[in-house]
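In structure tokens below, several structures.
After this come two complexes, each holding chain A, first together with chain B and then together with chain C.
Here is the complex of A and B:
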């Protein structure tokens, strides 16, 4: 909650502010959670003033109730469903990625997480002509691959390539602070009416991969890693809901007890995404390094996707998709 | 601005002080002078000044742009490392060739700059040989389609043999001179003088490190070194695994240290436009349950596997050395054979029909300029 300052409400003058600060009342929460009588006695401010400050601040900072019917109309008009470009995955996600939601893709090495992200980014840019911002934490964003996909999907004119290319924006970030800073700048961009990003509407934010920047600060004697993780989760949620943007993140898996895989970053993070999809390579090719000279079969490019968590769909449903020149199909 | 102060790289102590004094958002702190802030939260004015500089520096674009609304740029464009796809496509991906055409084909043209490539394999399969080959090949002059760079070679195992470098470098120099003689297009005199065995050896900066602390120290010092040696286009760490595979009791510490190092290497690769090549050992993954077999996997665990953008596993197939592309952002999984000769890494000459089918032939991501200069012509060198 913000710090108390002059101008928040008419009765909050310089003198009152100094008196309050002397008794340790600095911010909005402090004054709202302390009893008005106590405040007025300790700080020697008139009881009426304290009450009026509290009333004004409550009105300013409380949430307004909303009628479910209005909310429904609101949601219907603002939520968009972005197709992923793969009919199977669209079906799995009930149409595609929803704006105002955080979707997480988890999977082991080379399960197709980045391919899915690149393919969705391109689909959104090509189909809806809207901006995609891609935060790349591990140098996995491959412009050549995107160009190949674009060429496989249609024979594009040079202008189209230019146009679509300008819609996909990539930020390379290497630490948790750079990611936070990038996300905050993105928010500031969206707030600022004069900003160029406002004229081309943003529909999708991708963070690939979120575990790469969070894992190094998590655990051991570092107490604030957890705080940064939750901070990122909050910023991602705010971004999704307030700016009605679909947020797509990727996460690694770790081996738990008994050799079973589970998503990285633990239980706390597992509450963050609204929807969680696990990608798997078909069993026979997981980690197997036995040479298979005739390995150029379809099963090599085939992947399974399992819905692990969803707000509105039955979970543990699986589907398959193929990674091809076209992208993810 | 509604950004929370918790999102800045401040120490936990300072954050706690700011929090208890009620400073939570950037807008709370932006109007305060260093003296006031210092008095308020009980730190010196200098410390307070540092905090304010950090915060105003990071948020300046927003506060400044209010004064100049005509500036049509986007906030996001001021983020370091921001680029649009079309800007990226204007800069063609550059590669370091391996002297094996089919290995290059598998990788899409060679070992890519700005990315981390990892070679994994059992002892004696040729990981170090590939590293030495790349350390030489990165120095091929631009007129032969190379990147004309230098190498930082971090050796953690003590397997860097200068004699081998000499062999491989001599073969590379000979090959380029032959090419220069065949193609009368450019003046052979120029390159013969600049691209020699001595110049290659001079272009390799060798670091020997014995434990993981030294390795971390070297990687921390690298940005400074690279500022002084701007031509470096390849950083080799051979191997990344050995310092981390023993004397490590705390595995979660190992994962964190490795995670940090991965981000540092990734940053170096991008900011200095160079290729990072790592080698990794193999370890046995025991069968987890019924119906599963124990098999070899790259060492250092699951989370390390995400670090390298390109991961190649080298293994024996009968008497034949083979490379399997396990992970790549742009290429499909394939296996290609290769051999190691006195002159370095080469294609296998007699290729059976089935194996030829395995390689995907179109290196589409190689820019047209690159192919016209002919990496295909360059690489054919039989001994």
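Here is the complex of A and C:
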């Protein structure tokens, strides 16, 4: 909560400030939640001054109610749908990743989460020439794989590897604090407008995998971990909504009662994303162990994707995709 | 004691306060068959993905749609709504598609003139102009915004609904920053509840709040009275007048359509132990209750 200080508004002088702090009114919330008459009587500050301070601070610190008709025009002009590179997944998500939304991909080990992220990053960079920022928490970002995909996708090579590579920025973070500072730096450079590449064309932020940095701070009886987690969720949502960016995060699964899987990081996090997609290996879903075939067949690379949660679409719809040289198809 | 606040209010504010608010009868025919009394606070609680935001958007659509247009009954209420989006889950695209479908269905029943699409868009825009969306990024901003809403409510007497999605958004951040002690947490909660109560009493509002279930449901077998525990604190608990619990229903039949596959339930708690449960599906027209 911001503290009261000189310069916040013209009537807030040194004398008024001292009088207010004597009666225990120190910050903006204190003065706004106390009745103006009470403040003026106790602090011996003129009623008019208190009212004018309250009015200025209200305007400064409150969120502005936006008429939905204007909001609609804003949304329609700023919303972009980013293709994932796989027509089946695009269909599942009604066109692809929407800007201003947080999409979460959950799945067990080797279900194709990172492959999906890399493939989407490449599709966005190649097709729309927009910037992608990739936060990598588990050192799973593989530039060699990215290059292979790039070469498989374009024959002959029309766009140089360097050009595409410069559009995808990878940022390696290994703790919840590094992730937070990375996200805040990104926000600052978006505000700054001097970083041309970022401010004009950033369309996608990927965090792979968000549970890797948050899970270690959760647990026990302390609440700080949850606060860090919610703080990260706020920053991700603010990025998405205020800068019209699509945010894609990946999450692990944990096994609950009876072997049922659910997204990691608990109940509080489960409310965070706008859209959640679960990835499954066909073997897992059938639940029987078949001997691994010697040759790599198509079915070996096949994965299921199920839409678990969405603000806009019918859920529990599933589709399949294949991990190939091309990325995901 | 007469407060100087009342003395200094403008004529417009006075009218907004004393003005007979439009009736909220038929805001929701199934869940609220009677007139929704003013100053009620509804709490919609449930896990993730059970349709809390969808139910709120459905109520918003019911409220802002016009009563009729071009001589066709659309069955809206034509009242103003303020939507406070704390979880950033409000989807403009979804709301407009609900409005468009509802209007189209109503209009197509009458005639199929060529400029139908144009008039649908106009009606949607008129509907949206009755809705105000506020997004807050921290609990102190939310609190200050509640105080600042007086201006908006004073200038727009037709606003009679306030939606909050969701009230538990800042719970963990508050718990670790402001209120390390239970006392501190209760105080910050009390400020929020007081501000909200002042708004709804002064301006005769009806409030609908989504509340995310942040904790595992525990069953208190040894102490049934403890099951009434509310992690939002007792100030909040006292403010709420109606509780709706939302949940998912597992499909019984395997081969049903996509829409029927996702069935949800809402339990309306009223009085002591009396409750009734209705099931609903989410369609293009919002929320559809099943018999």
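FYI, the second predicted complex is superposed on the first by the 305 of 329 C-alpha atoms of A that agree within 3 Å, B and C clash if a C-alpha of one lies under 4 Å from a C-alpha of the other, contacts with A are read in each partner's own complex, and residues count from 1 in each chain.
Rule of thumb we're sticking to: contacts are C-beta pairs under 8 Å (C-beta built on N, C-alpha and C of every residue); 3 or more make two chains touch, one makes a residue touch a chain.
None of the values given here were measured: they were computed from a predicted structure.
In the superposition on chain A, A:58 makes contact with chain C only, while chain B stays out of contact range. With both structures placed on the common chain, the touch criterion links A:256 to neither chain B nor chain C. Once the two complexes are overlaid on the shared chain, A:10 sits clear of chain B and of chain C alike.
In the superposition on chain A, A:227 contacts both chain B and chain C.
When the shared chain is aligned, chain B comes close enough to touch A:114, but chain C does not. In the superposition on chain A, contact of A:95 is made with neither chain B nor chain C. By the touch criterion stated above, A:282 is placed in contact with neither chain B nor chain C. Counting contacts as defined above, chain A residues 1-2, 223-224, 227, 231 meet chain B in one complex and chain C in the other.
For chain B in complex with chain A, the touching residues are 1-4, 6-9, 12, 15, 21-25, 27-28, 58-59, 61-62, 65, 69, 72-76, 78-89, 93, 108, 114-116, 252-253, 255-256, 259-260, 262-264, 266-267, 269-270, 285, 288-289, 295-297, 301-303, 305-307, 309, 311, 313, 315, 317, 322, 324, 326-327, 329-330, 332-335, 354-355, 357-358, 364-365. The part of chain C that touches chain A in the complex is made up of residues 3-5, 47-49, 53, 82-83, 87-89, 91-97, 125, 128-138, 140-145, 147-149, 152, 166, 170-173, 175-178, 191, 194-195, 212-216, 258-259, 261-262, 282.
Interface residues of chain A facing chain C in the complex, by the touch rule stated above, are 1-2, 28-29, 32-33, 35-37, 47, 57-59, 61-69, 71-72, 75, 79, 98, 102, 223-224, 226-227, 229-231, 234, 237-238, 240-241, 267-268, 270-271, 274, 276, 308-309, 311-312, 314-317. The residues of chain A lying in touch with chain B in their complex are 1-5, 26-27, 30, 108-110, 114-115, 118, 133, 137-148, 151, 161-162, 164-175, 177-178, 180-182, 184-189, 192, 194-197, 209, 211-213, 215-220, 223-224, 227-228, 231, 235, 252-255, 258-261, 264, 287-296, 300-301, 323.
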